[in-house]
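Chains: A, B, C and D, in written order; residue numbering restarts at 1 for each.
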Amino acid sequence: MARKTKKLWEGRFTAPPSRLAEEYTSSLRFDRRLWSYDLRGSEAHCAMLGRQGIIPKKESEKILSGLKKVRKEFLSDRFRFKSSDEDIHSAIERRLTEIAGVAGGHLHTARSRNDQVVLDVRLYLKDVIGDLRVALDEVREALTRLARKHIDVVMPGYTHLQRAQPVLLAHHLLAYYDMLGRDDERFADCRSRVDIMPLGSGALAGVPHPIDRAFVAQQLGFHRVSENSIDAVSDRDFIAEFLAATAILFVHLSRLAADLTLWATTEFGFVEFPDEFSTGSSIMPQKKNPDVAELMRGKTGRVFGSLQAVLTVMKGLPLAYQSDLQEDKEPMFDAADAALTTLRTLAAMLPGLRFAAARMRAAAQGFLLATELADFLAEKGLPFREAHGVVGRVVRHCLKTGKALEELKLAELRRFSKRFDREALARLSPEAAIARRRAPGGTSQENVEKRLAKIGV
Amino acid sequence: MARKTKKLWEGRFTAPPSRLAEEYTSSLRFDRRLWSYDLRGSEAHCAMLGRQGIIPKKESEKILSGLKKVRKEFLSDRFRFKSSDEDIHSAIERRLTEIAGVAGGHLHTARSRNDQVVLDVRLYLKDVIGDLRVALDEVREALTRLARKHIDVVMPGYTHLQRAQPVLLAHHLLAYYDMLGRDDERFADCRSRVDIMPLGSGALAGVPHPIDRAFVAQQLGFHRVSENSIDAVSDRDFIAEFLAATAILFVHLSRLAADLTLWATTEFGFVEFPDEFSTGSSIMPQKKNPDVAELMRGKTGRVFGSLQAVLTVMKGLPLAYQSDLQEDKEPMFDAADAALTTLRTLAAMLPGLRFAAARMRAAAQGFLLATELADFLAEKGLPFREAHGVVGRVVRHCLKTGKALEELKLAELRRFSKRFDREALARLSPEAAIARRRAPGGTSQENVEKRLAKIGV
Amino acid sequence: MARKTKKLWEGRFTAPPSRLAEEYTSSLRFDRRLWSYDLRGSEAHCAMLGRQGIIPKKESEKILSGLKKVRKEFLSDRFRFKSSDEDIHSAIERRLTEIAGVAGGHLHTARSRNDQVVLDVRLYLKDVIGDLRVALDEVREALTRLARKHIDVVMPGYTHLQRAQPVLLAHHLLAYYDMLGRDDERFADCRSRVDIMPLGSGALAGVPHPIDRAFVAQQLGFHRVSENSIDAVSDRDFIAEFLAATAILFVHLSRLAADLTLWATTEFGFVEFPDEFSTGSSIMPQKKNPDVAELMRGKTGRVFGSLQAVLTVMKGLPLAYQSDLQEDKEPMFDAADAALTTLRTLAAMLPGLRFAAARMRAAAQGFLLATELADFLAEKGLPFREAHGVVGRVVRHCLKTGKALEELKLAELRRFSKRFDREALARLSPEAAIARRRAPGGTSQENVEKRLAKIGV
Amino acid sequence: MARKTKKLWEGRFTAPPSRLAEEYTSSLRFDRRLWSYDLRGSEAHCAMLGRQGIIPKKESEKILSGLKKVRKEFLSDRFRFKSSDEDIHSAIERRLTEIAGVAGGHLHTARSRNDQVVLDVRLYLKDVIGDLRVALDEVREALTRLARKHIDVVMPGYTHLQRAQPVLLAHHLLAYYDMLGRDDERFADCRSRVDIMPLGSGALAGVPHPIDRAFVAQQLGFHRVSENSIDAVSDRDFIAEFLAATAILFVHLSRLAADLTLWATTEFGFVEFPDEFSTGSSIMPQKKNPDVAELMRGKTGRVFGSLQAVLTVMKGLPLAYQSDLQEDKEPMFDAADAALTTLRTLAAMLPGLRFAAARMRAAAQGFLLATELADFLAEKGLPFREAHGVVGRVVRHCLKTGKALEELKLAELRRFSKRFDREALARLSPEAAIARRRAPGGTSQENVEKRLAKIGV
């Protein structure tokens, strides 16, 4: 009885794969996402084969028209996979042959799945990185708009979660702007290493046909062509690098989420999330949870995991291609999806945040002005280390007597150092402290305005 | 116009979730897998509520019959999700209310999604660990059968991939039997910590109703009841532990894969994979690739990644429940699937391996018998350290003269030590070397036979 | 000129190792920590060799007395390593031979470094796990004492960092008690798999001498003897398991750190750290930072990393021993040190925490009582789902009018549901809410007292 | 009695740190490595303070001369740490004050440890990356020299560890050259993000003094100045990126190690390691183990772990500086050390590898020429897919009859396809197969020569 499952490579085998093995080794479940990239690659490859006379022009035209039909089937959701399809590449080739007949059999000339699959992944990743950078831009723009809108909002800056020194909310938001800016740089750098055209590497040794790799690269928008066929089919460092860049992005997103969920507590009360980006509780009717921010932080886990997954897969594999590499795609897809949806949701959520300016300002008073006093004494000639000690004792005195720093009378202050004078008292406001931090990079409004102007908001 | 999306918790909110947020926070895509566990949990909970008089008996019966209908819909694949369903819990409650009317609204009495979801996961994981242990048993049995079948096959044992000392193939296979045995122990230990009934913890503080947790536990087959409601809804250490056990299992599987793919090289030529568990190449007609084994090793990456994902998610979260925890399920599902399919495929593949006994035996000769000579000298009274040095020089002599160890004449040997005699030469066969390793745990056939008998093969 | 470096194995080689290779492959830098375990192992091995007549009694006695001298040198810090010592094993054997002369050369009879090193690690890890469990006990005891001392302190329970329902501080602290209890279980389970005596496995194949493994095991306090020599020298799953258990412990510690640093903010103001466990700032005189807690959370990173390191090392290694395994020790040491110092510092710090009971109680009022109203309505027969909706609308009304829940008059409440009566108002206190959560595992004082009594505090 | 330990920040505190806390939080054990960077930073900072008139010129000169003395003490190993020194920064400031007296107290003007420590790390990492790139160059050069030296050596190329197609050893070696080239690019990209001068950010808000950051940057050789003070002290993404680049480098090194250890097996017999880079066995006199290569692969684990450690540390931390960040340095040091020593040892080892050209050539014959036949048929007009099938059947025939491909007579071949002719037979040599792979990136000698010429070897 005729066996149903037909594999590209069955010639050499006496027994077909077991159903278990077939299911275990099939990648179709996830690599079907690559269909459009696979088609683009095949079109460019086929055009080149025809152009170079490697296959008859007529055949190449038949194939190209067949591929067009396959594309239409995908676009209209009419493409049907068969259980014998091992992967997206063989599914498309199978269907092409059904459409174009024997001509379809020419498409795999001068090509192997080993270089084909890495081509598809590179095309996909170039697109994804482009999309991610657009989404990153949207988030960064939302941050700068928030900063612009709240340019006057004063808040406590924290270190060790303890109030440290007053800062502008806008300055705090721009810290994230800068972090995400470096993420953008990293994606750009990564993309330059994704942007390498591997087709023509064959299974591992290159191909013996008079192919025109530059033409294929140009057709597909690649700027470089791989220089070593063994390397081209064996390595996935560009995926690991992409995942590393995404992991670092999520470090930043997780920290933003931590800040926002902290600020949204009743205790801080610095920000309210829009209802549209909050969820409730199944049991507690009063709850309004910053679900989106929490999930954004939670997704950090899956991205770190994906990075680790791909690194682990690659570790210690002899060259060249090994089936282990089939495990490169799901972590990549998963991390890319997590990053895109997170950035887009965040960009939509940020404008709706309502900051409680008065509450933030109120929290920016008190001991966080202690550094002002120390700096004052240092200006008056006391070595900073001693000035720090003097003010430390002032603080201890306040704690003992239950007084706020700004409530101290000059006389009281002068008990700790004769260098204190009226001017010292004038320093004890958040606005003054902020305004004085005029050195580049500091939180003064002047600096922040300048930065926003430079960004163009 | 009336808004379509209805949430369990919409009472408090003035605006519905944005579509982006709704998609971002929905867990239905993956937690729908838990439907049968969610139903079991609800049935037990509802039965208890009725039994305790917390809700009217009649209502509880209506709910139970409604749940039965829901179950039938799932089993016959007729259950329809709505876009407004946030997760499997709200989908089922929504459907229940459609079926049972107002009565359905009683089901969530004395329960929160926070304890409900952890119940579902625990029920799922208990099942999965059970399945995994069965699959592990199958692989271990397959290994022992191979060992029994090839009880006479002699092969080189390797350290540093260099031939070291002759061993029995059966002994090598039983090394994996022992590794997987510890994996089994780890799963059993883990299961005892999964086997804790969390329902009754409410959102985080416990519930004020006269519930009977012991009854629910008994209905659902749990042996322990959680002792602290905050801990019960906040912690997922049992998932991390499950993933750690699975990661270690895959360390073992990846090493088996490494051994098998190595042995299947033309150069080693120790084993041939069954055609049914091999794949070919799209370009190289001669290729027969040990695809299944490679993928088994490759899947190690995703499991390590899943472990890292869950650890990362949990790190540094203040108590109690946070939405980050929603990210616990996909890594768990993924690792469980990877483990189950791998073990089952492996169990099916192992019996088909064809070992090349003659080739293995041939490779077990030569320098790997050098330890025999050193041991011989040590027996004759030479301190082992000196004996080692003498035989090292014998080996260097062989390398220089191109002779095999067993080709040396006694006279030649005695140039290195007068302690060598006829008996020394007799030691120079793999079989002799193996037979002498009779101390418990050693590779002698006697030992291996005893072990197999103890295992019952 | 004579080469200085003498290796155990130099007989076969024509050239000595390059200095670079020698430095690169030396493990002495870190494995010297194992000296006492290596000595214990050698003593037991040597006693057995003598007892079994494998080496002359006289020689074994010379060795034992030599080892005693070596031990004294270590204890008095007089042991001198030589640059040629590759590892702690060869350093000790070298020194022994200097002391005991030719007899020392007998010690390595029936032993390989492959089984020796795994013995040392197992002995070390058994000790460490014992120490860790003691330290865990101290932390758990400190937690229960804090709970007992603050048995009356009421605080808001949080989910999503939003106030959810009132709980007892003691209940919150006992959540950590339970988490750490499972950590203790995990360490105990792990220890049972560390507790396996590998000596007698030789290089990989077992040994040909009439050794008595049970005797060695008993001397060294092991309960099991390894059953397969190849497995015994190749696998390090017990280290990975130890690291996984430690990683999960640090998940718990990092969450405790997150809670404490949050509570120590000015905004929460729930706890003050003792000065003795805080640090200041080099620039801001007022700062008091919960440094210890932050570092405790930070150390989570290194432990996760160590786990990943050992898993990665093992992945895909063919059997049996490979030098990659030398990389097993540093992550193990590092994680063990991190865990021990953290637990001990934490146990010392916990008693000094000062909780701000009044502030906590004040924060436990307000909307977190909403569930009480919903439960009330459900008791009165309204399906819980509807009750939830009603109270959600009450909350929205309060938010709009700026009223607290407990300020509502009965008449106002009854506008939302006629089922509300006087009793409903009585429910609106944290103490009432807590007292009602009497179901096992809930936060009622009754439950918590019972639990503490059971623990014995 | 007077307390010995003096902290920079003790003014505010009533109790000194406990010994446990002091030990737990001290970073001196590892950050002392940064002493020279800390001194350089302080020198530039102090010169700027004097230049800008922020501190009196005279004082700045005293400090600079004091720092010079401190440097000398370090260089001559006479610097003595005190147990009260928290970290390298306070140790140096303490010593400076001992030397320069009260003037030393001025040094910390307009600076915080928060910006100081990140400056030190950036200076260190710039140096390390420079060193790494030099070491990478040495390895790459060694690879190209090996390639040049063995330009004629033919070997089997492998996919799935199965012989696939003949390639040049030089081509295989150049695959690693290309991988390491991308590593070099990644390090260069990373360095551009390390090369940012953070000083002037103060604790988090910037400083109020008229500092000249550009001057400091220029003195220290930085090309950029940080733009946001909060970001500058909070983020460590440049360390994570460095570790990611190092992790990917180790993926490549681990694969090279896998190839080399495989080739060094008796079964492959393609390469012999130099004695100088091999080790022996303590028990088996014949062993020669490729220890260096194994350890190189093993060290991959620690580097993956270090990456994970730093990512984990950063995850979910609210801004700005938190003590968790103190955990950034050890993983960085550890990975940098691992990378540097590995690259240097590898560069020294590679030239000593002895390849077995004849054995490699012999292995490159046989079925790996099957693709040649399929390509031949495709050239003759048969669609490639059919050609593949035909040759698959030829291979099956050979397997059944035990013949090598090149032993087939033309008549035999023609039974499978009439398109076969004499020319087909001529294709069946490794040299012919290699020579034909002339398309760019392919393994033909022509290509490889061209590549080597371009590299300049």
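Here, a residue touches a chain if its C-beta (ideal position, glycine included) is under 8 Å from a C-beta of that chain, and two chains touch if they have at least 3 such contacts.
Keep in mind the model is a prediction, meaning the values are calculated, not measured.
Visitor: Going through A-C, A-D or B-D one by one, find the pair whose contacts repeat those of B-C for over half of the pairs by residue number.
Guide: Selected pair, repeating B-C: A-D.
Visitor: Could you let me know which interface, A-B or A-D, is made of more C-beta pairs in contact?
Guide: The greater number of contacts lies at A-D.
Visitor: Per the centroid of Cα atoms for each chain, what is the distance between chain A and chain B, given in Å?
Guide: 31
Visitor: Starting from the mean Cα coordinates of chain A and chain D, work out the distance between those two points in Å.
Guide: Chain centroid spacing, chain A to chain D, equals 23 Å.
Visitor: Which chain D residues touch at least two other chains?
Guide: Residues 8-14, 108, 114, 159-161, 164-165, 202-203, 262, 280-289, 291, 294, 297, 300, 304, 307-308, 311-312, 315-317, 322-323, 371, 388-392, 395 of chain D touch two or more partner chains.
Visitor: In graph terms, with chains as vertices and touches as edges, which category applies: line, ring, star, complete, or other?
Guide: complete
Visitor: Looking at the complex, which residues from chain A come into contact with chain C?
Guide: 159-165, 261-262, 264-269, 280-291, 294, 308, 311-312, 315-317, 363, 367-368, 370-371, 373-374, 388-392, 394-395, 405
Visitor: Sort out for me which residues of chain B touch chain A in the complex.
Guide: 7-18, 20-21, 23-25, 86, 89-90, 108, 111-114, 202-203, 274-289, 291-292, 294-295, 297-302, 304-313, 322-327, 330-331, 341-342, 344-345, 348-349
Visitor: Would you tell me which residues of chain C are touching chain B in their complex?
Guide: It comes out as residues 8-14, 93, 97, 102-110, 114, 157-161, 164-167, 171-172, 174-179, 182-183, 185-186, 189, 193, 200-211, 213, 225-235, 237-238, 240-241, 244-245, 247-248, 250-252, 254-255, 257-259, 262, 297, 300, 304, 307-308, 311-312, 314-323, 371-372, 375, 378, 383-386, 388-393, 395-396, 399, 433-434, 436-444, 447, 451.
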